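Shared between the two complexes below is chain A, which has chain B as its partner in the first and chain C in the second.
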Partner chain A sequence: MPDRKGIYRKKRLDRGIKARADTIYLIASWREIFYLLLPRAFPVGFLLILPAVLHGYWQKVLVFACVYGLLALSWDLLASCGLFSLGQALFFGAGAYLAGGLNYYLHLPPLVTVPAATVGGGLLCAGLLAPVIRLRGVYFAMVTLMFPLLLMRGIETTGVLGGTHGLSALSPFPGETLTAYLAVLAFLACLFLFRRLINSDYGLVLMAIRDDDRAVMSGGINIYWRKTQALFLAGSVGAFAGALMTHHFQFLGMSAFALDYSILPVAAVALGGQGSFAGAALGSMILVPLSESLRALGGLRIALYCIILMVSIVALPEGLFHYLERKYHQFETRAEVE
Partner chain B sequence: MIPTLLVYGLVNSVILALYALGFSLTYGISGLANFAHGALYILSGFAAWNLIHHMGIPLLPAALLSVALTGMLGFVFYWVLLLRIRGIALAELVVTFSAGVAILEILTWQGFYGIRYSLPVFLRGGIEVGGVAVDYQRLLVLGTGVVLVILLWLFVHHTRIGLAFRAMAQNERTALSVGIESDWVGSLSLAMGAALAAVAALVVLPLGVMESTIGYEVLIYALAVAIVGGLESTVGMILGSFLIGFGQVAAARFIGAKWMVIVPLAAIVVVLAVRPSGILGRFKELEERV
Partner chain C sequence: MSKASETILAVERVRKRFGGILAVFDVSFELKAGEFLGIIGPNGSGKTTLVNLITGFVKPDGGRVFFKGRDITSFMPYRIADMGIARTFQMVRLFYNLPAYKNIIIPLCSSRVRRLGAGRYGEKDDMAVDLLDDMGFERDSYVPYKTAGSLPHGYLKRLDLARAMALRPEVLILDELFSGMSLSEVASTLPLIEKFHEEGLSIIMIEHRLKELFRVVDRVLVLNFGRKIADGSPQEVMENEEVRKAYLGIEVEIL
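Now for the complex of A and B:
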């Protein structure tokens, strides 16, 4: 028998606060209430203070982070019912073009165009993708990758909606801080709504479709109709982000279908961890400010996202959020190997 | 008019088939959708350009060297990045896609675009075929396409590695049980796919200017051809490339050159929606796609 003296191992134990299930807690003291509330309340409070504290450039970065966060959340919702999209730019672009078009041609105020683009964009995306909803996995990803490129080429070729020049001088939101608050509130609302939704019966069906769609079908549920509904929800969120950005920039161009809007959300989810929405939110809140501070690198930015994406998938496949969550809920002590 | 359509349609179709050959080889053998295919294509072009212009290597050795280097890159790519995530379709897709985009963006950042970057043709001059002027390089493309398809057929039917490739494509577990190691076959198939992309690049790129954005186009065309024809069927792949190739030339002639780009995208969307397994794809229809 080899001599094991002085060798230690890490001993991990779950904290005794969980009762019966992962989401039901047994609370006995204020300390435990704080223990549970802190990771939820702190980011929310932090995000609500930020728009008031930040000014100018970094306020814009915050809006960016929230917009990419919304796209990442909508990606995560699609992924939780088994639809892997590589074309969040489709949702973003649909919302951007709807809001911009309504504002430019019909002179409607943002108060009308943003909700209209949100609902209309969701309907449009669900309608466009409904014919290919039967595809799974890689095939769905391929089609969604094509769609924004196709629409971009279509706009370039036909010259509708401003063509290559885009539409400019759109009406802005009243005030930068207000825009930032709108973005943050929408982001938080979407995050908590989706978290609530995925734990409800409705979300359970969506996740079951991801895990075993044949079983769901045999339960008498029309999975294609459910998937279309998920597409509508995800599409609306993405379209809202697009509409917000259009009015924020007061400009609309073909760049609304750019590859950035497809890749960065996926990168954010891959970094933060899939399936909990909080991971998507965390990922985008890390990645966007990081990429902004790397703006000096110019074209290398996208290359850098891609490298982050590769490294995080290969090195930490579960994602940052799941890793942190595990660490937070466990004691770790050093115990001598016997 | 009709002869022009036929000759250029033929050349265009063979170019598309060359794009797709490596992609569908890798996918057919190891089920790995290599989304970095377009990036490897353009990277091999730039590798050859650098070998010729900075190291003074003549064209033919430079071309061979660049094919070998790209193949090795594919091999390394498998062992470094894909080994840990093998079998998780989404992770494979995201990693290969982001590797491809990273390569393309770094090439753009390095300033690899513009008229300066073009590969020399292997053969100068041209002849007339049925009243249509064709340069030798385009004929070389045709010849390469035909020769590659024949060589590949011989390779997968008459060599030990080729037979192992087919075994892995048919049934991975049975192949494992007779001693074919799936990681070796997977990495070799990726290396061969990358090398085929490089061969395609070296014969097709001299026809135009090199740009890193071509990488995205090559990927889209390779996907389009593979999806339209059926991902696992070689005959389907050739059929798909002819369909899209002639469709493109016809669209350019009768509607306008701008519409060439829309043909493959539209073809993909229509085929995936109407007949998801592709024109000649048969098996895997139920389990994977739908």
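Now for the complex of A and C:
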């Protein structure tokens, strides 16, 4: 018999506990409680501390990351009901122009303009996209891609709402740290609410529409109305992000409809993983600071950024979050081969 | 006029053409409240298209469909389902990555079920499991909680039936419910449908298993090449010369 001592193989074991059985929470010991709580509490706590410790430039990056995070969450919600959007810039721009316009022309304070832009932007986006809600897949994506371009060129040529110069000297939020906290809290609240929503019966119907809309229709459910509701929710979140940025910059221009706001959220979801919202959040929290820290490289920044993105998509098609989640629930030990 | 003889569903000269093929041509029939109607016909005779025309999944080129005297021809499928016409699919359309009982939650979220005073927040899971229990998915077994994709075909068909019944319909349309089911599965499902019929549900049943069909239905409608060739009691239909020709003698075995 050959000597096989010292040869090891990897042994993998999935944790047997079903952490959450719909309504019953299995809490057996402190160890289990920490096991469940830690991956949730740690990122939340970390994000809540960040605005207090960061200053200046990196605090702005944090606000940016949260804004892109909100757009990514809004993208993920639409994707959950089968609407693949390439037009998050529409949501962002609608909120930005509503808040900016209300502030510039009517001199309303941010306390009024931000909520108004959130609701109004949601309604506007749902209203604009409701007529094309019957389109599926790439056709819907094309229309959403066109809308921000259309509005951008419309503002450029007609000169309404400040035209190419934009609207400046808008009211700021009181304090940079407060803005950062507002962004972080909104981001966390949105993440929490969307995760609750998608696990409810309402979310079940939304995901069923993505999987087989005819089966849902035969269940007596008006899928177009449900999709419009999802558009309103996603639009509101995107519009809030836009309104926040407008008051943060104290300036509003056509760049609110820039392609960046459409593409980066999709990239964030591609990196983080679709369907759980946590993936979208994680993706944007990695991508935005990464892209900022590569700024020192100058022109090479975008090239390197693209390579990182491509490698992650090829190597981890399920998304970083789903990979980490799977690994977290697995024990890996080295067992001696007998 | 007694309630039993009231017309609940009327189809008037509907027609549908797919390219050069006349899938359904000038088919008319009436369904009385509480009636059990069977629709038979060889493959490609337009049975499923007729169901799609009634339930709004396909828009007819001509003709009308009336439900309780109301013209529902141009309605969307969800509106027709909302009014109380539920259907099953020949190729079951389910959500395979969801637990079986979660499939039933979706119709329970509809406004029809809410209107009928059921499906309030927090009761839907129990209602779904109850409904599946009636369909032979025993609540104390693991079956209702397994993902639909891991269940055998016969269970999927019954799950589709449960999904249709969750809407509390007034008309139930079964599109080849028994296809792909084993004899024992058919034997256990047929009494369920007979029970629904006895409780006053109007049923249209499309079926290739003529023996089982002829045992339970009140009336049979025969389609061939998109046209109605016979309409009457099972006995009359079996004696019809044209039907015998269309089926090339299969009826002889049944008799």
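The definition used in the following text is that the second predicted complex is superposed on the first by the 299 of 338 C-alpha atoms of A that agree within 3 Å, B and C clash if a C-alpha of one lies under 4 Å from a C-alpha of the other, contacts with A are read in each partner's own complex, and residues count from 1 in each chain.
In the analysis below, a residue touches a chain if its C-beta (ideal position, glycine included) is under 8 Å from a C-beta of that chain, and two chains touch if they have at least 3 such contacts.
Here the structure is a predicted model, which means the values were calculated and not measured.
Once chain A of one complex is fitted onto chain A of the other, the partner contacts of A:G220 are limited to chain C, with no touch recorded for chain B. Of the two partner chains placed around the shared chain by superposition, chain B is the only one that A:V132 touches, whereas chain C remains out of contact. Touch criterion not met for A:L54: it reaches neither chain B nor chain C.
Within the superposed three-chain model, A:L193 lies out of touch with both chain B and chain C [touch as defined at top].
When chain B and chain C are set side by side, the one touching more residues of chain A is B. In the superposition on chain A, A:A208 makes contact with chain C only, not with chain B. In the superposed model, A:M146 makes contact with chain B only, not with chain C.
Shared interface residues of chain A, touching chain B in one complex and chain C in the other, do not exist. Remark: chain B residues 33, 81, 84-85, 89-91, 93-95, 97-99, 101-102, 105-106, 108-109, 220, 223, 227, 258-259, 261-262, 265-266, 268-269, 272-273, 276, 288-290 touch chain A in the complex.
Of all the residues in chain C, the ones that touch chain A in their complex are 55, 57, 76-79, 81-82, 86-87, 89, 93-95, 97-98, 102, 105-113, 124-125, 163-164, 166-167. Remark: chain A residues 22, 201-202, 204-205, 208, 211-212, 214-223 touch chain C in the complex.
Within the complex, the chain A residues that touch chain B are 84, 86, 131-132, 134-139, 141-143, 146-147, 149-150, 153-154, 156-157, 259, 263, 266-267, 270, 297-300, 302-303, 305-307, 309-310, 313-314, 317.
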